[in-house]
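Quick one: this structure, given as structure tokens, is what I'll be asking you about.
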């Protein structure tokens, strides 16, 4: 059987836990011996893991890079050792020759899907948006912000009035939302909330409720990831939309690897997963049930 | 043997035994590749840990090193991107900056008599904050000089590599060992760790030494940042979070007392290697989930510290029994 | 008695002044800051937010103060928060009653503290390292409990610990104020405080004078574990879910900072719980101030660093000494 | 000699601590080639004076002149550069450094820019050999006893003193031989024309070595005299400002029915490598003295008896019943008390007030649940401060800021407050002035009359002879002799200490 090393960023969110679970499941399905390594959010640990995989002589490497830059040297080493590398869910800045393919979604695109939804939904009415950013400096935070800003750039009626980091966590999402509400006249000035992930949105929804407003109605809520809990909120009418980031990146990756190793089929350099938009119309209750058991 | 060297000997012994255990399980662990990796992958940690050793021996602590490493990377990339300076000139400016930064913390600690923990904690916030302000994006470094530096390595038999940064770490350790154990400055550092008041009464230049210690730590953190930027050829403001804790752990595993006054720079090298060994072992194993990884790292840390304590007290008992046999 | 009161006033004056200055500064950058209203049966406004959001750090600061007074430090409190939150959420989801859930998770906190205490007091491992072990492993344990997910629950009683109201105040505020008062009473009405200080200043001499330093140190870490457990429960109840990865992340640093801003020396010895609690509020005021001020998030850390540095410089023993000298020379005829 | 030029002079020196005027316009002058004793009660300001002279403290007012030129040492390093070597009262060396590093800190010999260890150790060994000490200088200082540390401190100061040597109670923990050797060194330095300041509470030593004597009282200069023109009583009057009533009573020595059951009996107590197993019993109202040379194992004996250090086997009986004695707490519960030798690291809680230090042992015994009421604490503290004449502005002063002798008295008060049945005092009179010394001896006698049993370790044989009913002599970690009643004389103790042991004697 094949041995494949998988360097995961960490387990910082439910989404990532789901990705890990699904990767392990997919590997098991295919009889692959998966060497899993958790980098605890540190790039240096990921590089160490990759180099250890190379020293160990694995057949292929999957890596979910914590950040886009800084992979050249280690990818070159892998190439010299003739070990194919597949990137999961995030891209790197390196030369495209250095990895076999990348499976993932386009983070900027995700942001713009969310932005477009908002533009369509408010339909020309004035709308003041507050933004909960991800961890300062992380690539989803940067790209999802960029995509959203691009999408609303054409709509003069939509303005981001406050933007602060919520560190991708519920607790910070709630705390920061509370301060937004205080700062914006008890929330009466706020028309919509855009959160870089669902967890922050869930926290913020609680803050909105505690301030005596109705999330989903008084303040529109749009976020990204499509984790189960946001569907619950949507089912309750407290969230309006989310953009899916599928945690099953490993399936396509393993398929591409198999094709490459069996008969040398070179996959395209970027296998993009769909960034599907879910709204309250998409039967959120059913979606919730479907995702519940995936280890989110 | 001089009993003062005992902790060092015990640490080395533990490392050798641990390596043997790993080898028994994964024979590939003894390849030159893994050994080369141990040096290269931990180069930045090792260099930072040398500075940390001096700080800890003097009875202080420096929580800012991780942030300084991140700042360094961002600073270098931004300078290389926005100016036409040669990387070496950028390095020089940067090392000057981080040395000054360390010296400033040392000044505050000494002049205002504030605890190092807190001053360097503020330094940690400040350095990372400055990195954010310079650039939140991660920026790649694409400079021919960088590529040339990265291509410098010595191929060991068995495809292992002794890279430039791995070698640099060994050099820094050699320098640190001489500085700590064979200079008057080094003796003064130990003296501060024994008690600032007493050291002052004994004529140790407390102010100068304190500032120099933190300046040294700042300098080495900057150097470590350069190494980190060579390692990743990028600058990123979120890089190297928590490196200070790894460095502290390495220093302590290396037999240096956190209370100050006693320790070994050479021990720190072993401490860094032990930490690297733990990680390599976990990756080679490859079956641990994210959470078990954390638990196992914690447990192994505990095991190492307990082994060390146990062996030391055993040796102590043996020694005192032997002494009684003589009288 | 009056002398004691005056001394107490002098002890906490720097912290009170600092808090006032920080709050005044926020008032300048955000004029709506002082608006307090009553809504949904409780007081509502930014100052209340500070009291409320400061609850975890305040609770941690209580335990941390005692630990630091013995010359130790507890880096594991953030991880212990995560463990206890995870246990509580899991139990409540599994249908345990609220009292049982609370008792078991607080018990888990005590157990964590016991572990730290034994490592420090009995095995003689240095406190930073001893608690570093649980800091690293503890988050893993918490994730083990939640299996890496955010374990959400909808138990109303439990949730009200985090977001409910009591006496027109958010419940967390009531909890930390009560815990603070209780701890102060226990420590100052008995001889505990004095014995802790003695151990912190000179452990060997205290032991020779018959102080049971070991037991005292273990107890103090257990109190810290208990406080961390309470903080963990509040955070979990607040977001109605246990987030093993992020609950209490880096909060140990804020707690230590609160203790130091509160004027307790990291070397151990004399301590003041009240001053630490004010310190916790200062830290939270800075955090909240940064949020309401509306700066871009890149500046958060630099602002925090500068304010903290300024506070510490102003409170530093060297400057205090200089100020005293100044006032004395001025007072001379 | 009296015509020698003035080397170091202080004119109108003043120093104030919060609540204390430690020095009040003190004049002092030291001539080349003289030994100048600086005397005074505990807290008179002697240590403060030399700390001001050597830059350890900044003075508030006054001038310092070295060879006629005004100097202003900002730190001790500067004083060292000026040729002033100092031994401060508390051993001020670094326990974590090697003996050699302590001796040569800042002056280690270098080769090619690097410190030469071998050379450092060689010079260090040479420096110590003058004091008859042959120890491994590459080991850390804390592996040696207080006495050895004291000698190291002296050796260091001597080597630093190009012009002036200042010794603040250097002999407090030395025995006779060491003192003799120290004095030989001091005399030869004097012959070389150095000026030496000597602070001590041992008046015999003062008369033995010094040429002139300056007396301080309450931070003020009382007077300067030639030692030859002064007698003991006059000197004491100058120091205390009153007569010392030296009552010599007969303590009804013996009178003990040693056949009767002892109050406390140790059988086979010992620890491998530390002290050979010994039997020792103490009777009600008895004072047992313990004599021996440096490092002979007296302190270790005391620590084992108080369970402050672990012991191998052996048993302890109290009033005939076996006693569980595993920790100091057990000992205290059984009514023991122990005032340790090293007051800085094992005695005082430096940052705590005198009051808290005094009630600490009592409070620890009562348990944390039963706090001693604040008013009661104050009463107790004030009472002991008065009874033991502890010089402090008030009971709330941190004990670390008291003068050495007064700290010692406060520690004694700590144990008296617990009203123990059996009290172990390790060097209780170290650093205590003549007045207080007499006071403490009187107290020891009163205590034993009231039924307390005492074990007193002291290097002052005269003192032991005065109050002991029995003296145990320790040599080379073995209890070698027991002198009872009339057998106790200085000479008999010296003889017992000096009796050559069967094994070849070590060089120390």
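Order of writing sets the labels: A, B, C and D. Residues in every chain begin at 1.
Note that in this section contacts are C-beta pairs under 8 Å (C-beta built on N, C-alpha and C of every residue); 3 or more make two chains touch, one makes a residue touch a chain.
All of these numbers come straight from a predicted model, not from anything done at the bench.
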Averaged-CA centre spacing for the pair chain C and chain B, given as whole angstrom: 30
Where chain C and chain D are represented by their mean Cα positions, the distance between them in whole Å: 44
Set of chain C residues in contact with two or more other chains: 143, 148, 297-298, 300
Two or more partner chains touched - positions in chain A: 10-11, 17, 20, 136
Sequence positions of chain D contacting 2 or more other chains: none
Touch-based graph of the chains, sorted into line, ring, star, complete or other: other
Chain pairs in mutual contact under the definition given at the outset: A-B, A-C, B-C, B-D, C-D
Chain C - residues contacting chain B, complex: 73, 119, 123-126, 128-129, 132-134, 136-144, 148, 244, 253, 256-257, 260, 265-267, 297-306, 308-309, 312-313, 316-319
Chain D-touching residues of chain B, taken from the complex the two chains share: 2-4, 178, 182-184, 186-188, 190-191, 193-195, 198-205, 261-262, 320-324, 327
Touching residues on chain C, where the partner in the complex is chain A: 30, 32, 39-40, 44-46, 49, 53, 143, 147-150, 152, 163, 235, 238-241, 243, 245-247, 249, 288, 291-292, 294, 296-298, 300
For the chain A and chain B complex, residues of the former touching the latter: 5, 8, 10-11, 17, 20, 34-38, 40-45, 47-49, 51-57, 67-73, 93, 135-139, 142
Residues of chain B defined as touching chain C within the complex: 61, 108, 111-115, 117-119, 121-123, 125-126, 128-130, 132-133, 136, 245, 248-249, 252, 257-259, 289-299, 301-302, 305-306, 309
